[in-house]
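For reference, the structure I am asking about is given below.
As written, the chain order gives the labels A, B, C and D, with residue 1 at the start of each chain.
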Amino acid sequence: MAGNIFGTAFRITTFGESHGPAIGVVIDGCPAGLFVDEAFIQSELDRRRPGQSAIVTQRKEEDKVQVLSGVFESRSTGMPIALLIYNADARSQDYSHIADKFRPSHADYTFSAKYGLRDYRGGGRSSARETAARVAAGAVAKMLLKEQGIQIRAYVSQVGDIVLEKPYPELNLDLTETNPVRCPDPDTARRMEELIRAVRKDGDTIGGVLSAVIAGVPAGWGEPVFDKFHADLGKAILSINACKGFEYGSGFAGVAMRGSAHNDAFHTDAGHIKTRTNHSGGIQGGISNGMDIYFRAAFKPVATIVQAQESVNEGGETVTVEGKGRHDPCVLPRAVPIAEAMAALVLADHCLRARGARM
Amino acid sequence: MAGNIFGTAFRITTFGESHGPAIGVVIDGCPAGLFVDEAFIQSELDRRRPGQSAIVTQRKEEDKVQVLSGVFESRSTGMPIALLIYNADARSQDYSHIADKFRPSHADYTFSAKYGLRDYRGGGRSSARETAARVAAGAVAKMLLKEQGIQIRAYVSQVGDIVLEKPYPELNLDLTETNPVRCPDPDTARRMEELIRAVRKDGDTIGGVLSAVIAGVPAGWGEPVFDKFHADLGKAILSINACKGFEYGSGFAGVAMRGSAHNDAFHTDAGHIKTRTNHSGGIQGGISNGMDIYFRAAFKPVATIVQAQESVNEGGETVTVEGKGRHDPCVLPRAVPIAEAMAALVLADHCLRARGARM
Amino acid sequence: MAGNIFGTAFRITTFGESHGPAIGVVIDGCPAGLFVDEAFIQSELDRRRPGQSAIVTQRKEEDKVQVLSGVFESRSTGMPIALLIYNADARSQDYSHIADKFRPSHADYTFSAKYGLRDYRGGGRSSARETAARVAAGAVAKMLLKEQGIQIRAYVSQVGDIVLEKPYPELNLDLTETNPVRCPDPDTARRMEELIRAVRKDGDTIGGVLSAVIAGVPAGWGEPVFDKFHADLGKAILSINACKGFEYGSGFAGVAMRGSAHNDAFHTDAGHIKTRTNHSGGIQGGISNGMDIYFRAAFKPVATIVQAQESVNEGGETVTVEGKGRHDPCVLPRAVPIAEAMAALVLADHCLRARGARM
Amino acid sequence: MAGNIFGTAFRITTFGESHGPAIGVVIDGCPAGLFVDEAFIQSELDRRRPGQSAIVTQRKEEDKVQVLSGVFESRSTGMPIALLIYNADARSQDYSHIADKFRPSHADYTFSAKYGLRDYRGGGRSSARETAARVAAGAVAKMLLKEQGIQIRAYVSQVGDIVLEKPYPELNLDLTETNPVRCPDPDTARRMEELIRAVRKDGDTIGGVLSAVIAGVPAGWGEPVFDKFHADLGKAILSINACKGFEYGSGFAGVAMRGSAHNDAFHTDAGHIKTRTNHSGGIQGGISNGMDIYFRAAFKPVATIVQAQESVNEGGETVTVEGKGRHDPCVLPRAVPIAEAMAALVLADHCLRARGARM
């Protein structure tokens, strides 16, 4: 009901506020016998961590994860896996000046309208800090998927008006992690980084687009009606802070095509059924067809800016809001591990759900 | 698990295949005391019905709805509301020729891969016929929302490369239902209709974009983490057959903006807190802020075409598939009531869920 | 939320009132490839049907089931299976005299208090007629379980103060269906039947106890914490109209035992791990251990009696209620197929859930 | 799916093993604005804590609770409330001798059969230690219920063959906490305590019965079909370790009554509709009627005994198991706060669910 639980068979419950004692996640439904590598969970958190480069927020958080349950002698036991991350650098004093003010395009006003009160410190639970729990859980999902040869790779394909035009098959995705922007094209990455630096210098922020490719998913995952594979993926990605759009396969661009050009012809390749093109984005009728799954997601410019802005307070009076908190000038670089984690959670869920398809 | 249930508090279960005896839906969680107007449910089904104009499929279905339970003396009783629609024009002979063939970009192959067998008649449950159940349930949701002054209006804003450039505040949405395309701009509608006719003449199909506006939602609906209002809306819309993308508010276009331009300044207007711009699309932090909610959705060209296509059969052998079934040359006109229904279901769900927010 | 959905992986949604047009059920999550024998579904409904003997209600209902979806060429397709039963003998006039009166120990008052209105015809949805949908769905679950060698057998072990003292291993359960009471001991059955006849002659009703044995469940079904096998069974059985208690294994009688006597010693028998005694009732730590599962359930005397009773009406005024509807003098005989159906639904659910236990 | 989540609107997720680092719970769905008294949560844990008296297990656990999220300035914020309890006295060496042995009537064998591996230290998650998380969450539920004048009181009514015959209206429930057995009748309590001491001296264990009364529930809580109030209560109680039976209202004893004697006549008392008797146990048709709700639950003798027992090991070989762990000779005294907590969770859930009943 309150929406802090995600998934059906591989199900997570997250908790924690930006400036509370800790954030964390409980995974319910991870099958027993999975090798759980705590170092890998930590490495995924390190990819999302603030302060990892000059173009992300400088909040100091080590994000050290503790495994509290569900793992015995490095194997999952089938019991809930609880992962805990204590908040270290929670400077509550940073936020007292906005305790009764609504920051534009943040969740301050809507939280007050809904709950009648709110934990205003650092945005409370509406802070992107909440996504650390997603990344920790996603790391476990990734380990489960890896055993089946599935690989999820996200990257930044647009920052502001700088667009990486090449489709993913023409890119070397191994280069994604070689630059702080997480764009696999070094030249474009450099230009994106420059833009982010310039924007930050202006006390401003900028949006962008994230692309992702999932390879190795067998045909048959996803449910045919409401829980279509791409519908669940879409929800997962849209639930990430600042996400404003999701498209998969041919997406918005494909609408101008005719069916005769858009349809993906089947053929047999070395005994496997494949399609000659992949406008379907690896999903047909909501179910994976064995081809690569790929999608794009739009992220708005971060709402926290240094510039003074007009707003109102709890009493409806006009006030000026000035940004003081540490924040990202552009969420895209850090959105990469988060989007991968959310995709991994959806995949792990449908992996288990698919076990119920046949007698 | 199998994904034929949608919603949390206002929850529907749908069933039925294209060429089975009937399709239907059970609504669980409709509060008692709602006035249920069966004629309105029927009128919504009529908007989705095949054969309603020259540019949609000519399958003959009256889609006459029966209310089997949950309504007594025109009021909902709090018990499940079951709505049943018998299939009338289910010509199974039309489909025998593709019983063992996989139609390109349909769900034939993925169903076989997942289930090991499939009801091939008219696409079985992967047929868009399934959406009649959504529209019937959505009509009940609309009645619930209407009592709270909420109005959902979708329209066609793009067919192929014909784009209605005007944003919704500049349109007269009362004109949407005055033409078979369901585009509120008569001139654009005419050009769209011509394109659809031309495409159909070629035995081909074409995609498009649907836009929607929801007015009257109070601040405070939607949940802040996974079940963000727009994430649930996105999933709902993406679960509609042929949908390939979803964006809300500033969407993909907004990513090139800077935060200083994108942020929606709060001000007080006649005692109500409002925003001067609405790039947020009426949702902040996943929760409605009282402004209009608006979104766009991409629909691919229908996969069923008259032209012969290369494919494979169950045995992996190369075959030719020729379209013979009745189908839509463009799903957009009929997608309008379906998208409204899905949006209504999400809204009704979050309307009830919001009752749990405070002591 | 509104509780007309049951189960997690094998999930049913039921609908329908006693005197509405129809009742029915949608099964979501039945795996594809199950042979579905419609005649068997009908035969299970016939076991529950009113009018089948002289000691049950004489309402005339054929309870003819229609399969509306999810089955193609006698096999389940993985799509929702909708089963519909039209109400035939719904004499609404029988109930107008109690439209504003609260029958003692019925759900009339609580429905009014909860919903503000109610369908008073024949008890509406609180009527035991609702259980026909459970039996229909349970029949599908039984078919799924039968393929795995599982057999569920319930019988009547007490009516009023007539108690069948023998434990199930000393009984011939093949005799259960040979008498209208459904007690496997012919002599006890005869005495029970006489008691029921006598009670009915007095215009009164009587309660009893149902026992059940489930054979063939492999070790490993059930979840270890909240969804313990017996907890889910208990909920399922307690949700049947008139049920007041549930116990499994040693139950209430076992509390006076010492642990040294109650513990079930393990041993190996022909390569299989078994227990020498079975006070555990086939379930340890909420998970099946491969031994027989057995339980007992208490059913109160039916609330509908012919005698005049004191009560109040909607306005709180004192009134006299006189029973006129057709009703069962004792629910136990008809509770047998219903309890079996509910047990089958729990088993089918945990059968599918167990697929997620290991990598 | 894996069953570590309980509830629908007020929903908890628990985690943790007996000898892992910590156990805990996340509450999702607690409305904002509830005053959260951490001292009360701690006091409830103290009631369940091991080592509190001479007749319970002597494991040393302070069970100090930490509130990690969801509470700001002593008020719930509507965000998930995470409660954490570190394990202090987890002597893993105690259990190495049974690592590959199946203790009789424990969950050792069933866990191995289900998961293929298990955390054998102290029973892992099958340990009653898991219930501390339930009690912590239940304390929050109790605070929510207290604001509505609802009081839940459980007590021990039977230990072995010592039975407290008086029904609850004849007891002074304020005396329950005055003795270590938690029986409100001092004389009976003394005899029960003596029996427990004698049993422990024999290295044995003994079962018993718990009774509970819930006062102050308004009419209209509970759902009419599968989620009947008593069905959800029954599942909740049956999910507690060692519970073998549940009955409410007249229970098993009521089956011998006739309907004319069992029916609870309605009358009006000072403007309120009440019943003259309460065989219904405060619930009719699955919905509360405003009268006291009362139930009884059977608990078997604890499986851990000091005496040597025959069993088998993972390889199926015959072995002898000797009890060495610290354990309770009788679970009843500590079951009292646990059962109250589970009842509170069900009540809080249905309290919130009832908000959806009417327009």
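Methods note: a residue touches a chain if its C-beta (ideal position, glycine included) is under 8 Å from a C-beta of that chain, and two chains touch if they have at least 3 such contacts.
Computed from a prediction, not measured in an experiment: that's the story for all the values here.
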Item checked: Chain whose mean Cα position lies farthest from subunit C -> A
Margin query: Just to confirm, which listed pair, C-D, A-C or B-D, duplicates the contacts seen in A-B for more than half of them?
Written below: C-D
Note to self: Roughly how far is subunit C from subunit D, centre to centre by C-alpha average, rounded to an integer in Å?
What the structure shows: 26
Checklist line | Centre-of-Cα separation between subunit C and subunit A, whole angstrom | finding: 46
Check: Taking each chain's centre as the mean of its CA atoms, how far is subunit A from subunit D in angstrom?
Finding: 39
Check: Which residues belonging to subunit C are in contact with no fewer than two other chains?
Finding: 1-5, 8-9, 14, 29, 32-33, 78-79, 114-116, 125, 224, 352, 356-358
Checklist line | Residues of subunit C that touch subunit A when the two form their complex | finding: 1, 9, 29, 31-34, 76, 78-79, 144, 147, 224, 352, 355-359
Note to self: Using the touch definition from the top, list the residues of subunit B that touch subunit A in their complex.
What the structure shows: 1-6, 8-9, 14, 102, 104-107, 109-111, 113-116, 125-126, 130, 158, 160-161, 199, 202, 204-209, 219-228, 230-232, 234-236, 238-239, 241, 244-252, 254-260, 262-268, 271, 273, 275, 279-281, 283-290, 298-305, 307, 309-312, 316-318, 353-354, 356-358
Next item on the list: Sort out for me which residues of subunit A touch subunit D in the complex.
Entry: 1-5, 8-9, 11, 13-17, 20-24, 26, 28-30, 32-33, 66-70, 72, 75, 77-82, 84, 114-119, 121, 124-125, 352
